[in-house]
Each structure stands twice: as structure tokens, then as C-alpha cells.
Amino acid sequence: MNTLSFDVAHMLAGGMLLVSFMMIYQTRLYALLNVFALHAMVLALSVAWQASIQHAPHLYVTAGIALFFKAILIPGALHKIVQRMGIHRQVEQVVGTGATMLAGMGLVALSSVLMLNLTATASAFAREDMAFALSVVLLGLLMMISRRNAVSQVVGFMSLENGLILAAAGAQGMPLVVEISVAFSVLVAFIVIGVFLFRIRERFDSVDLSVMDDYRGEKR
Amino acid sequence: MSLPFNPVDLILGIPAITALVLFVLPGYRLTSWLNVAASLVTFLAAMTLFFIDRPVPTNYFLVDELNIVFIVLNTFVGFTAAYFSASYIAHELEIGRLTPVYLRFYHAMYQTMMFGMNLVLVTNNIGLMWVAIELATLSTVLMVGIYRTPEALEAAWKYFILGSVGIALALFGTILVYLAAEPVLGEGQAAMVFTRLLPNAAEFDPKILNLAFVFLLLGYGTKVGLVPLHAWLPDAHAEGPTPISAVLSGLLLNVALYAVLRFKMLMTANADTLAPGPLMVVMGLVSLLFAAIMLYRRRDIKRLFAYSSIEHMGIIVFAFGMGGPLANFAGLLHMVMHSLTKSAIFFSVGHIAQIKGSQKTAEIRGLTHSHPVLGWALVIGVLAIAGLPPFGVFMSEFLVVSSTFQRAPALALLFVTGLLLAFGALLMRLTGFAFGEPTGSTKPAHASLVPLYIHMGLVLLAGIYLPGPMVAWFQAVAKLLG
Amino acid sequence: MSAVDLVLTGALLLMALGLSSILFAARPMGSTIVYASAGVLSALVALVGLATLVAGAGAGMNVGASTLWLPIGLPWIGAHFRVDALAAFFVIVVGFGSSIISFYSIGYGRHEHEPWRVLPFYPSFIGAMLLVVIADDAFSFLLSWEVMSLLSWALVLTHHRESAVRSSGLVYLIMAAFGTMSLILAFGLLAGPLGAYDFQSMRASGQTPLVGSVVVILMLLGAGSKAGIVPLHIWLPLAHPAAPSHVSAMMSGIMTKVAIYGFIRVTFDLLGGTSWWMSEIVLAVGAVTAVMGVLYALMQHDLKRLLAYHTVENIGIIFIGLGLAMAFRHYDMNAAAALAMVAALFHIFNHSVFKNLLFLGAGAVQTATGSRDMEKMGGLIHRMPVTSLLFLVASVAISALPPFNGFVSEWLTFQAILLSPDLPDWGLKILTPGVGGMLALAAALAAACFVKVYGVVFLGRARSEVAKTAREVDRWSLATMSVLALVCLLAGVFPGVIIDTLSPVSHALVQATMPVQSADPWMTITPVASGRSSYNGVLVLLFVTMSGFFAAWVIHRFASRSLRRAPAWDCGFELDDPSTQYGAASFAQPIRRTFGTKIFSARESVTMPPPGSTAPAKFSVSLRDPVWDGFFARVSGAVTWLADKANRLQFLTIRQYLSVVFAALVLLLLVLTLWK
Amino acid sequence: MIFNLLVQGLQMMLVVAIAPLLVGVIHKMRARLLRKQGAPLLQPYRDLLRLMKKEVVLAHNASWLFRAVPYMVFAATWVAAALIPTFATGLQFSWSADLIAIVALLGSARFFMALAGMDVGTSFGGIGSSREMMIAALAEPAMMLTVFSLALLAGSTQLSTVTHYLAGSNVGLRVSLGMALVALVIVALAENARIPVDNPSTHLELTMVHEAMVLEYSGRHLAMIELASALKLVLYLSLIVSLFIPFGVAGPGDTIAAHLLAVVYYLIKMLGGALALATFEVSIAKMRVFRIPDLLGAALMLSLLGTLLLFVSRSL
């Protein structure tokens, strides 16, 4: 086992986790989008590193997609949307940042315990990566449920997908089909989200999801 | 027997090509009939699977006992729902709820969805399966939101978000399965192919498999509509066009269930894993009981039956979770019967809602008086879905309950409680719908009831007589499921 | 063709008749055709059953069971059908009762406004009941059972526009589903883990006493709820009055018997052994049912509801007999078990006859007056002389008074109770005298209740305009009711014939028979031994008639025969307002005060007008149903409460739903972490 | 056979013949105990004859049932009374109805009597029927349980067998028998409309039960009913004496002389019974109607206790 390659991969994955925490910590939309771009960038780096150590050139494509779409295109687009729609710049939180951070810590602990204990036969390499990936996934989910407005929920969802890609890249020799599908789905997801945001803009003054609750079919 | 073509190609190819064609074709009459025709041909192609020699499983496609049942059911209900849709959508166009543009989109999406679901069923690759489910989900999301009312958009949005999270979890589970298989089967495709995974499952790391199954169960379970992952389901059923409700309940849930079953087989093949049974039993029971309770406060007829779908998915998952030849057989039978019955119910509900101009339960009364044929059809459908003989659901519920009681009395009692609660709620509503003084519009229904009759006829037949070959088939599948 | 072929054919023909009647139900002659064919078919089926039993009695008590297997129903089991002694007896009960009711309906059915809501279901309902009786595997049995419930539910909803009818139907079908679920559980236990659902293998596989006891309890819940044992009876007084009268008669007089058939089939035939305390439970349930049923009945003023409660009472009496038979069988006292069993079976037959007659009579009254409220009737004996005479016969019969049939079966039950001191079980020793007392109490209260029914409905003065102008019903109705009344009398006068016919059944179930009665002189019946007890219906009837006529003749011949009509005396008060008569509520007042204060929380309140006002004082009675309040209302309250609480989950935001998903995920991961 | 038939016939005639006399005796004794002169002993016979000869005045509204009931009631009571082994157990037809059937026959009679009370549609008729049935509803189970005790002791419900058994020497004193006796006496009082349950000689609307039922009857109908009531009194009294003082009853094989002696014994016993009844009646007040259930409930409990003791003691 090449210790250097392992350490670098470890550092990059750990970096993603760190950035995830940074995202949870953000209270302003623009800052959130920027941190998300950073998240995607670290992901791209991590995937590229995996490509080099696994000698899997197709992973470079994935890294490129991550860099291009998630680090540049999407944050940029979201910036535009926030600007054009005059969305409130503050991230509306359900629970305080501190509590969310604590919960995040717990999730990281949980995923570490799970992955490190369970996957004994897999390479230590994959194990480390998977533990971080699971943490990122869980943190993404946590972000989705602890934020009220739609943009930060979308960001949470995408960071969740970043975790998935990290996991997929970490799995040795996983065929290209997964990467492509992830990219594909993110694309489609984004389009659909865009469509919805547009429509929701048509009908609502805010993309705060709680506003839509009034339109539930069965009135309380 | 061999055919000049591969049915699998047709099953996938026809919907895909038709979808492309429908995107560009104008005119709703033509498109709707093309939709029906394509669905019929797909169904016929699926039927040939019974008669041909099994194609050798490739890295991507697989046809075995288990999925033939699903494929045939899927394409059949796809066809009848398309037929129903043709008459239903015409009326929607008349009253202006839909415009021709959206209608074109609708039919294209219908075939896209069929393509996605068929792909889930015939694929041999867990990655491809994941992609296909994603595709089917996205296309249905768009269909649910097609009316663009605030309620419809909200339902679609909810469906989309919850579905995406579910699908993300499923992907993580898929990756974990690969991770478990990779040390045994080596890197690359092999570690993602069911036919390779299954024989070697015993050597996989059981702990990774456990974790993977948790993610897969939650991920695909979201699509199945298991409580507490069900939240999208009632709204999606209620706010979308009724043919889509029928397809959702009758097909999409089954398709997701099929995915869960595939992975369950993987789990059971490895002796050291956490048994998947108890997990499924618990989720099934929770779904059953919760949905049964929720039925009581429903004031929207389609949401009512959506919750009933959750309830039945709970029953099916419970049955498969219990395992054993009887319960598995019952689970399969119940799944088929539920598909047929529930879609038939949605067919009649669609017409009823169109006549009354409302989906509110309070505004639908005395149907057996004002619309005898439609009303009695609804009565029969609801009685069938509530598990009364001589319909097929009764047989499967009989088998589940009677085979469970000796093995796990407490579970069986809870299960029965759930069934009774659901029964009470459905019957309470049914009494309101079908009897009493009619309210609202009593103009006659110009509905095509053929799909309804076909479905109910099959369900009735199955309740009394199951053909021998079909039984043998189901038994083989039940054995396969362990 | 063997018996089972014939009965099955009959049942299927009846169902086909029902189905085809959809086509012509609305035609003027439709109802006549359906009812007449149904009557003929069920009569033929009853004859098949009778022939089977009689042949069996002739051939050393062994009814050769004829069986049939069809490749339908549950795959790998198929549908088994079988006519043995027990089935044959119930085929007679179902077939005979249905045929009489069908012929009655030729006249009665003409009053139906929407015949298409009755005709398709009516013959099919008979067919389903026959199928239940001849089914020989669990699936066919339950399928027919539930179809029977379903069809009767549809019949109950005939007059669906009344909201009370709709809620009755709802309660009925929910209770039916509850019963079916219990039965499925019971059969699940009997079938074992491999799913041997045919009765033959169930018989062969002996069950442990514990399993047997659970099965009996489940059967009590399942079959009992259908038969109407307290406290599962609540649907019965709702559903029976709601249906048209001929359907009420079918449900009360016949369907409850089919439910009892299910209980007998499982407990006596399929089940190897039970724990000793099972018979005590059955006995206690029977006794409570009998007394509660009649007390409920006394509190009613709706004629058909009152009759429905009397069904509950009689079901209790039948269960007392069955409980005794179980106890005797458990301790290998086969002769006594045979007596108890025959008493129960005899009462099943009797009840089906006189309850049908009562419901048909009630139907006639309803046709004539358009009401079921007894407080609006009175004096119908003048307007409907034949109906009133026939109703009187049934009233006497159900009150267990000689010389009619109800007395004989209750007398046999008493005889069985008197054999119970020989039981070695202390619990039973203490229980049975109490049960005997309750049975006597139920019988006496039933007599009181039918004095009330007959006195208020047929005697006295008309309480309303409709009662004053009521007209006698049509000939079909009268003729069929007369047949039933005649059977009541004949079965009471020649009970030996019926007991002998029932012997093959008791032989099959408890491996013993009662002494052959036809050997006794003068048609006497001696249940155990001639020194112990005997009863002779013929002589009693003859003596009473002779002494009555003798007395009348002597007086008319030697004393006086003059008669003068005059206003009633009534201690000098003038008769004016018919409402000064004793009505249903006032008649029951002493009994209500005696029993009802505790059981029904009966409260009487008088509202006096203010001083100086000439407004009438108002008297009102409030009653609470202890079973409903104590159990069913609470269950339904709990469900409502739960539904309200759970319903909040329908109105969460997407974020909250996601939180739930997240929680589920974390929970499962935690489980995985902690899993060893 | 022939002899048994004769005994049966004699018995049948005897009970009818002495029934009015018994009433007369009781009336006379009550009067004497109240220090009054009282009517002659044979007065009831005269009353009956007079009533029979009178014209019947029938309410306009009365139905055929109203006219038939007196004969039916009389016939049922008479048949029941004819089956009580008053002085001999060798009755030809004793097997045609056992004790339970006798109770049921009396039940039939009461059933029709109550119906007749409802027939004309007066409030008094209703009040009488209603109360009568309430009393019967409690008295009948008590009676039945008493029958149980006796039947269990003797191993038979045939009255002749029971009497024969009780007359034998191997019975001894039993607690159950005592309880059964008390219960039976209470039941007999209730069934015959005697004080404290009912007052046969009153026409006060709030106190009467039986008399209210028959208020509309007149002439020969009333005579039949009066005779039937007297007969019923004989029946119950005979039942009590034949069961609890069974000495001197002739068996089936006994001689004619023994039978004649038994008749004398029987008459004496009845006289004693009448005396006891009259004494009891003058020394106690009538109860309120709604206290009656308590009294009858006590009878019910006693008889149940007696039966229970028997059930339990048989295995000892």
C-alpha cells in the first residue's frame, strides 16, 4: 500500500467532510453557494487523485464533470437565481448552528463506527473513503432538514450527491456506468429543480417551502 | 421455441421509440391511440416470454421466473391504463384542464415511464437498475405536476425531493454492494451483475451487505411507499391525472418492490447477514397499521386509495418478510391482485371524479343509484381490495394470516388488526360513496369500462381458480425468494 | 348423483339464478320468477339432506359421507365438498327455511320498490349458505362464509337511503370481517405450518389441548360474532331490522345457524381435544347470551329489533347445549353428550322455524301498517286474524311453552343439565346449576317479552290510524306462515321423530346417540331412561284440548251460553284515548326496574308542567347499552383518537418528512451498529 | 293398568272437586283468625255456579282469544294438577309430563292469561299482565331450580318417582331440601297471587296484579278463571305436601284400601296446608310491587344454593 497516496486521498476526503461542516455553519446564501463550490472542487480533486492512484482514466472525466458542473456552473446559476428572484439572502435555520454542528459530529461518529467496524475485508483505502463519504451523505441530509429555504435545500441535496460520487470513486474499479449516471442524474435533477423553481416563482413570492404547505390538497 | 426477435429488445425498444415519436407527433387522438397500440404491442411481446427459451443472461439483461411475472403484469396494466387514459384524457381536454401541448408531453412521458419500468425489470445490472428507477421516477414526477395547479406542483415537488433522497440512498447502497462483491468477483462489471452476485453472495462480507441492505431498503422503500418514507405517495396519487395514479399504484410501487426483492435474495443467500426478514416485517407492519389509521381521516377519494396502496404494500412486504413457501406465494399473488384491483379502482374513480367534478369524498354519494354500473363497479373493487372473497386479495390475505399465526402469533394479531382497521375505514367511505341519496351531477358517464371489467374479471377468476401453470410458476418464484 | 353433487348443483343453480336475475329484476314478473325458483330449488336441496339423514338413520347411524373434489379454490388443495350427517342436517335447516321464506316472498316481494337491489343477492345468499355447509376445506369454507356475509350485507342495504340502514350495514360488515379474521386464524392453527387446509387432514392431525383451546376461543369469536353471542352481538339488532323482512328472517333464522354450524364443525369434528375449561367458557357465554339477549329484547319497541335480540337469546340457549356437549364429551360421558348435542341441534331447527315465522309475521305486520314501531300498533287481531293466530303459535313456541317445539328442545337442554352432577370437574359442577337457572330465567323472560309483543301488537286497541285500517296480507304469505306454524306444532307434538332423525348427527359428532324414541309407546320421548324423565307432547296436547273442550261443552250445555257485548268495564273509567293502554315501554317497566337499572343504567324521568299549565307531563326513559358503551364505543373512540393524532402527519412540510426519513435512516444505522 | 287409569281419573276429579273447598276453607280460616264470622265453607261453589249461569258481558273490543283463554287456562291448569301425585304415585299418565313440563304447562296458562289481560286494551289489564309476567319471570327460575334440587336428589324429574323416592326412608334431612321448601313456598305464594305478593281480595288499582288482569271477565268466563286459580292453589299446595310431607302416599302396587287411606291423608295434609297459609296471610302485610323482586330473588338464591349444594355434595 502506497502510504503517500493513501494519505493524500485521506486528506482530500477529510477535506470534503470539513467543507460539509463549513456549509452547515454558513448562514448567508451567497457564502453557502461559495462553500458549495469549494465542496465540489475538493471532490473533483479527490476523484482526480483516485483516478491517478487507481490508474482509472475514466475517473478523470468524473472529476472534470464535478469541477465544471458543480464547482462552477451550478453555483453560478444559483447565484443568478438568487439575485434575479430577490430571494432573502439569509439562510433560514430550523435549529441553531451549534445544535446542527453537534448533530453532525454525532453522524460522523456513527458513520465512522459503522464503516471502520464493518468493512473489515475491504481495503483500508476504501474503508476510509467510505467512512468519509457516508459522513458527507449524512451531513447533506442533515443540511436539507435543518434549512428552510429551497436554495439551501438544493445545495444540501447536491452535497449529498457529492458524497455519493466520493463513495463511487473510492470503490475500486467501479465501472463507468455509475459516474455517468450520477452526472446524468444531477443534470436532470438540476433541470427539474430549475423548472420547479421557475414555476414556483410564478406562483409564490418565496421559495420557502413552508409557504407551499397551504396548497396541500386536504386543508387542515 | 425461438422467435426471430428478442422480446427483451421489444419490451425496451417499443416504449423508447414510441416515446421519441410521441414527443414530435401532434394531435391527441392519434397520440393517444398510438400510446395504446404501443402498450399493447409491448404487452404482447412480454407475453412471448412465456413461450420462448430463456435468453442467456448478459451483463445487462436477465429474464428469469421472478421478473417475467413482473414484466407481464407491468406491461399488461400499462396497456389497460393506456386504454383507460385514452378515454379519460379526452375528457380532460374537453373541460380544458389540459392543453394539447401538454397532452403530447403526457403521452411521451407515459412511454418514457414504461421504458424506465421495463428496464428496471429486465436489467441484470444493479447500476443500470438504479438508473432505470431514477428515470421512471423523474418521468412520473413530471406527470404528477402536469396540471400545474398549486396542489399538483406541490405534490410533484414533494415527490421529487423525497424520491431524489431515496434514490441517493439507494445509490449508496448499490455502491456498498459493489464494495462487498469486489473482493470476490474482482473489479469491473462482474461485481454489479445479479447473476454473478447471487451464486457468490455467500462469500461476501456480511457486514457490508447489511449496511447496503439498510440503504437499499430505505432507498427503494421510498418508492414502494413504505412508512415512514411514504409521504410523497398520497399527494402524488391525488394530484396527478388518474391514469397516472393507476400506474403509480399498480406498477411503480411493484417495480420498486421488485428491486427490494432482488436485494433481499442476495441477503438471504448469505447466511451470516442480518436476516432481512424481520426488517421487512417491521416496515410492512408499520406501513399497514399506519396507513390503516390514516384512511379514517381522508376526505379526498384518490388520497384514500393511495393510502390503501401503502397499506397493501405493507401487506406484501410483510408477507415477503415472513418468507416461507406459503407467505412468499401469498406475497406474489397479493402483489398481482393489488395491481389489478387498485388500478381498476382508479379507473372507476377517474370517471367518478370527472362526473362529479370533484374528488372530495363528501361530494360523492349514492353512486349505485345514480350510476349503477360505475357505482357497483366501485363497490366490487373496494370490496375486493378490502380483502373480501370471491376476489383474489382474499386468497392471499388468507394465506398470509393463516400461515403467520402459528409462526408468530403476536405479529399475526397485529397484522389482522391492521387489516380490520383498514377494512373499517374503506367500508365506511364506500358506504358513503355507493349508497344514500345521490349528490352532485347525475349525468350519465361516458366511460370506457372495458379495462375495469378485464381487471375485475381477472381478480374474480383468481379468487376462485388459479390456473395450474401459474401456480407452479408462483411456487417456483416463491422458492427462489426463500 | 350423490348427495354432495346434488346439493352443490342446487347451490350453484341458486347463484346462477341470482346472477341471471340482474337481467330481469326490474320486470314485473321478475320477483315472482326468482322467488318461486329459489323456493323450489331450496326445497329440493332440503329433501336431499333429509334423504341423506333418514338413510343414515336406517343404516346403523352411519351416514356415508359423500365427497367431491373440484380443481378450483386454493391451488394445491382444491375445493373439497362433503355431505355428512352434520352437513345434511344443516342442509335441511337452510333448505327448508329458505324455501318457505322464498315462497312467502312471492307475495311479500311485490311491495319492494327497488327489486333489483334484492333479487340478484337473495338466491345467491341461499346458495352461499349451502356452500358453507358442504365445504370441506378451510378456504372454500371461508370463501363461502364471507360471500354469505357479503351478500347479506348487500341485502341489508336494500333500503340504503335511510342513514340508519347504512350505518347498520357498516357495523355488520365490519363485525363480519372481524369474525372471518378470527376464523382464518383458527384455521391457520388447525392447518399447521405446511398449510394442510383440507378438513380431512385437519381431522387426522391431532392438536394439543392448548392449540385446541385457542382454536375454540377463536371459533367463539369468529362463528360467535356471526351467530350473535354477547358481547359480539351488536351488529345483529342493527342489521336484522334494517333488511326487508324476508331477508331478516333468512339472517336471523338461518344464517345464524350456519354460523353455529361452523362452530360445531370445528369444535366437534375437526378438533381432537380441548382443555377442560373450554366447555366452561362456552357454557358461561351461552348463559350470559341467553339472559342478556332477552333483557335487551324486553327494552325494545321496534318489533324486528326485538326479534333480533331474541335470536341472540336463542343462540345463547343453543350454546348452552353445545357447551354441555363439549363438557360431557371431554369426560367421555357420551350418552349425556348425545343428549346435550341433540338438544342443541333440535333447538337449532326449532329456532329456525319459529324465528322465521316471527319475522315473516313481522313482515306481514310491517306490510299492513308500514311501521316497525310497536307503539303504533294494537288490535291487529281483528284486522289480521290469520296472521295473528300464526304469530301466536310462534310466540308460544319461542317462549318455550308446551305443546310447541320450543319447549321440547329447552326441556331436553334441562335434562342434559340435570346429568351434569356426574361430571368430575368442580368448575362445571358449580357452573351448571347457575346456567340452568339462567336458562330458566331466559325462558321466563322470553314469555314475558312475547306477552308484551303479542299484547301490544295484536291485542288491545289500535294506537294509530294505520293500525286501525290494516289489512290481512296475501295468500302466499299466509300459506307459508301456516306451514311454519304447523311444523312448530308437529315438532312439539312428535319430537321423537326428530330426535331419531338427529341420531346420525350426534353419532358422528359425539360417538353416541340418544335412545331410539320411536320404540317408546304413545310417541313419548325419554332422553335417558324411562324412569328418569319423559314427555309426551301428543298426550299433553290431547289432554289439554280435551279438558278445555269438555269444560266449555259442560258449561255451554248445562249452564249458560248467552253473551252480550258492552263497553269495557275498566273499573268504571271510560275507554277513550288508545294511548292510555299499556304500551311496549310501559309493559316492560317492572322488568326494566328490576334488571335494567343496573344493566342498562335505565333512568326514568318525569317532566311536570309548571303549576297552572294544562300541558301534559312528560315521561321519558333513557337506556344505555352496556356492551356498546363498555367496549365498542371505546374501541371506536380509540380509533378516532388515533386517527386524529396520526392525521397530523398528513400535514407536515417536506422538510419535516425528510426529517422522518433521516430519523429512520439513523435509527436503522444505529440498530446495525449495536447489532451483535 | 285399569286400576292406574281409575286412580288417574279419581285424582283428576278430586283436584277439581276440592279446589273451591280449599278456597272456602282458607277464607273461613282467615276470617276466623281476624275474629270475623266469614262466609260459609261452600260459598265458593255457590259463587262459581252463580257465575256460570250468568250472562257474559263482553267488551266491544274483545277478540276470540279473550273468550278462549278461560277454557285454555283452566284446561292447562287442570292437566297439570292431574299429574301431581296427590295421594298415589301410580298415576296412569304421570310419564306424559314431568315436573319441568308441569311448570311449563302452568307457564302456558299464565301466558294466555296475561294475553287476555292485554286484549281489551284497558290500562288495568296491562298493569296486571305486566306485573304478572315480571313476577313470573322471577318465580319460574326459582321454581325450576327447586325442581333441579329434587330431580337431582331423586335422579329423576318424574314427579311420581320423586315423590316415591322422598317417601322412602333413605332421604334423611337435607339442607338442600329445606332451602327448596322455602323457595317453593315463596314461589307458590307468588304464583297464586297470595299475600305478600298480591292480595286476592282487593280491587285497589295500585295493589292488584292478578285481579287486574281478569277485570274484564264476567259470567262463565270468570267462573272458569276462578276455578283455574283455585285449581292452581290446590296444585301448588299438593305439590308442597306431596314432596315435603310424602308420608301416606300410596304406591303403584298398593291395595284399594291403602289408596283410600291415602286420600284421607291427603285431605288432612291439605287442610293443614290451608291453615298454614291462612295463618301466614293474616300475619303479614302486602309488599309494594317493586319489593317483590327482592323476595323472589331471595327465593331464587335459596333454590340456587340448594341445587349447588347438591351438585357439589354428590361427589363427596
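Order of writing sets the chain letters: A, B, C and D. Residues in each chain are counted from 1.
As a working rule, a residue touches a chain if its C-beta (ideal position, glycine included) is under 8 Å from a C-beta of that chain, and two chains touch if they have at least 3 such contacts.
Bear in mind the structure is a predicted one, so any value in this text is a computation, not a measurement.
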{"item": "Greatest separation from chain C - chain, by CA centre", "value": "A"}
{"item": "Most contacted chain pair (by C-beta pair count)", "value": "C-D"}
{"item": "Chain centre separation (chain A, chain C; CA means) in Å", "value": "69"}
{"item": "Inter-chain centre distance, chain A versus chain B - centres from mean C-alpha coordinates, in Å", "value": "31"}
{"item": "Between chain C and chain D, centroid-to-centroid distance (C-alpha), Å", "value": "35"}
{"item": "Centre-to-centre distance between chain D and chain A (centres being mean Cα positions), rounded to whole Å", "value": "98"}
{"item": "Multi-partner residues of chain B (each touching 2 or more other chains)", "value": "157, 161, 165, 169, 210-211"}
{"item": "In chain D, residues with contacts to at least two other chains", "value": "none"}
{"item": "Contacts with 2+ other chains: residues of chain C", "value": "650, 654, 658, 661, 665, 669, 672"}
{"item": "Every chain pair meeting the contact rule", "value": "A-B, A-C, B-C, C-D"}
{"item": "Touching residues (chain side chain B, partner chain A) in the complex", "value": "125, 127-128, 130-131, 134, 138, 141-142, 145, 148, 150-151, 153-157, 160-161, 164-165, 167-169, 171-172, 174-176, 178-180, 182-183, 186-189, 191-192, 205, 207-208, 210-211, 235, 238-239, 298-300, 303"}
{"item": "For the chain B and chain C complex, residues of the former touching the latter", "value": "157-158, 161-162, 165-166, 169, 210-211, 214-215, 217-218, 222, 228-229, 231-232, 234, 274, 279, 290, 293-294, 296-297, 326, 366, 368-369, 383, 386-390, 394-395, 397-399, 401-407, 412-413, 416, 419-421, 423-424, 427-428, 431-432, 435-437, 463-466, 468, 471, 475"}
{"item": "In the complex with chain D, residue positions of chain C that touch it", "value": "378-379, 381-382, 385, 392, 396, 399-402, 407, 411, 414-415, 417-418, 420-422, 424, 426, 429-430, 432-434, 436-438, 440-441, 443-445, 447-448, 450-452, 454-456, 459-461, 522, 524, 530-536, 539-540, 543-549, 551-552, 555-556, 559-560, 562-571, 573, 575, 578, 580-582, 586-591, 593-594"}
{"item": "Chain C to chain A touching residues, read off their complex", "value": "650-651, 653-656, 658-659, 661-662, 665-666, 669-670, 672-673"}
{"item": "In the complex, chain C residues that touch chain B", "value": "71-76, 138-139, 142-143, 146-147, 150, 157, 160-161, 163, 166-167, 169-170, 173-174, 177-178, 181, 184-185, 187-189, 191-193, 195, 197, 639-640, 642-644, 646-647, 649-650, 652, 654, 657-658, 660-661, 663-665, 668-669, 672, 675"}
